[in-house]
């Protein structure tokens, strides 16, 4: 971060806050002239200010002029708010099954239940009420927030972060209708989560039926997402809230799915492809393309169709006039 | 409620039930002639009956003729079913962190975990397995149902009701792509829930990144809703099931979002505006207006476009005939 | 299953695995020529192979030629992976309310909380952190996975399987606006789940307001589904992930709702009807029909309308040419 300091060089800040509630111990930022009135009253210790707003009147003890104040702020966040260190230790109420292996320096909170033969890697943290199924493997430096359930058949690699209420490895939705009832298909595949994945609160990911469900390394998943059995997700994908991915879908590396989008079973979303919010993909999407709409189409085509749709009522009227007009002409000719 | 009593004035009822299972101790109602056959067999103690059905044959001990029996019934529910009183007390299994403050007459159930420095207001009730993060503040007379997680940074005012499995204050979905990976943006804003809010089961509300996420007083939120970081929701809004609200959206007072609707990031929904079920808002919606569809448009315009869409196949055929016809005409002229 | 064995008749397999990771103790299958390269390298003990691929080169110890290898595999799964038997017993940490009745041979895991007067049927299994509300009845041979919450008013018949994080019987979303606030309507109806129902992870089903919410026998529900108050679901329905069903909807026997579909309040979906993924039903759907789109229409009609929509931009241009052309003709005539 290259910036120019104006004001008191000795100010110390210990946190960040928005303009309207920053105090002398806070860092804040001003990147848009429409917030100048808040800046005028702001008592922050230091403000990051964009060059064109460098002279905005205000009373912060110091200001740093920097090209992109918001980006600079985000970079500083990790310094000002280091990950809290948790004292290692296993709470006295933790229930641990036979043959389970607990790594070094783990922190396991109250009422956690760890199944038979499960493995918890070194320096991992399991918050209150986490349930780790029999035989499940959790890598090193993972963080499972309160109330996470890992069904048997789940396997987490290192540095996986799983938010509260996530259910990994539940049975997929598979039945065979015979003898007048839906017979359940046993699910015996695994649910594998590669390293550096983050999974948002209350998201559900099913285990595979025979094959595995796999979430690729470095992929990030938001809250309330559903990922069905046998789905394969590549590396570094972004999957936003309430997305639904049906069985056996393939998501290639770096694909991005926006909120509430859905993908029907067995299709492939190519590397780096993007699916817009609420879009419904009922077929493959080529690598690198952006699709939107229902059913999803290339975004440009979808936009043209939507624009045309809203012109349609007047088009219908024009066409009726044209047809009437023609008829009128003909009649006129007949009259002549 | 103004009604006219017919029959035994001394009947006592202790609960309500629908016509098909009401017994002498129950209050029931008849508001639609199509249920007259159930009414004929119904053994309820008292029935609320609309004036036009006052003479419907039946054998309830008493009937009260009233203009809107269903509304009258709803008004009586709160009298017949007062909120259960829970004996105050902290279960012996509750884990309380250092410096936490527990108010008077609270009722805290088994296996609840309360973090360091948290505050629980007087007369609040925390059901089994609730987790209250470090430093979190819960107001007076709140009710947290089983398995609720409040992350650090959450703040609940008075009389907030949070249903089972809700996750408040989880990290928002924010990453910066650099060095070939998605770097997590620390989330240090708060998740503030004002007084008299109710939040449905398994709903997730993220904390702000730097600024706060705020749910305004008296707003009601249904099950499985997602509210992203930095969203500001006004007073007395209604947000129905499975709605998704992306980051930094503003919902002004009294706005109503129907089920499965979505709002893209940074837009504003004006006071009293309504978004129809499954609608996708990709822009601002003016106060007081009703929008629907994908992408959302004013409801009347969306209805016209949808109606036109379903006339489109026949329009296409008509147009083709017209073009052929024209060509035929021209040809005819040339022939002449 | 009728098949023809080729190779070693004495091979014993103890599990199944896909071609790419099957070993001598595994059964696998080959049903598509595009996986022949994996089959060539596969070291499975036994492979189920379709007739047209019977001669595919490979080194599995035995192969069984069978018409539909994948179906045959699914039939064998239940034999190879019988439901794990859980030793009956009640964990020492289980909290049981006054007057609760616990059936014979139940298996109740750590930190389960059972309310006053609740009943747990024989041979049922309750995993860790399950909460059973006061007065709730659970039938025989049920399985409640970790972290399930059954609110008071819930009633489960026999052999019901409820996955992790499900919330049954929460209050419906009902308020009356009066005196400047949303007054909560008490919910006193029940949430009844008939026999042989399975409910996916983190799904929410509300109790009825006065009447009941009912899920019919043999119906299967996927993850993250929302079912509102007073909904009546018939027998043997299939409801896929993230479906939302608004209040008082009727689903008749055998109806199928695909992922992310929604149904607006008070409508009826006829027996055996199907609603496509992401469809939005704003009216009744007749028995046996398949509907899709937003708003949902008969599938054939919806497909025609969508196809026409994407031809619309070029239609608009054609129409403009036609109108210009006509105008030009007239002008030409005037010039003449």
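Descriptive notes on the structure:
Chains: A, B and C, in written order; residue numbering restarts at 1 for each.
We adopt the following convention: a residue touches a chain if its C-beta (ideal position, glycine included) is under 8 Å from a C-beta of that chain, and two chains touch if they have at least 3 such contacts.
Remember, predicted model here, so these are calculated numbers, not experimental data.
Copies subunit B and subunit C of the same chain sequence form an interface built mainly from non-equivalent positions, shared numbers / all numbers used being under half. Annotation, subunit A versus subunit B: rotation angle of 120 degrees from the Cα superposition, expressed as a multiple of 5. Annotation: 23 Å between the Cα-based centres of subunit B and subunit C. Within subunit B, residues 93, 111, 129, 147, 165, 202, 224, 242, 260, 294, 309, 312, 315, 319, 322 each touch two or more of the remaining chains. Taken in their complex, subunit C has these residues touching subunit A: 15-18, 71, 73-74, 77-78, 80-81, 91, 93, 109-111, 127-129, 145-147, 163-165, 196, 198, 200-202, 218, 220, 222-224, 236, 238, 240-242, 259-260, 277-278, 293-294, 306, 309-310, 312-313, 315-316, 319, 322-323, 326. If you check the complex, the residues on subunit B that touch subunit A are 93, 95, 111, 113, 129, 131, 147, 149, 151, 165, 167, 170-171, 173, 175-176, 180-182, 184-186, 188-189, 202, 204, 206, 210-212, 224, 226, 228, 242, 244, 246, 260, 262, 264, 280, 282, 294-295, 297, 301, 304-305, 307-309, 311-312, 315, 318-319, 322, 325.
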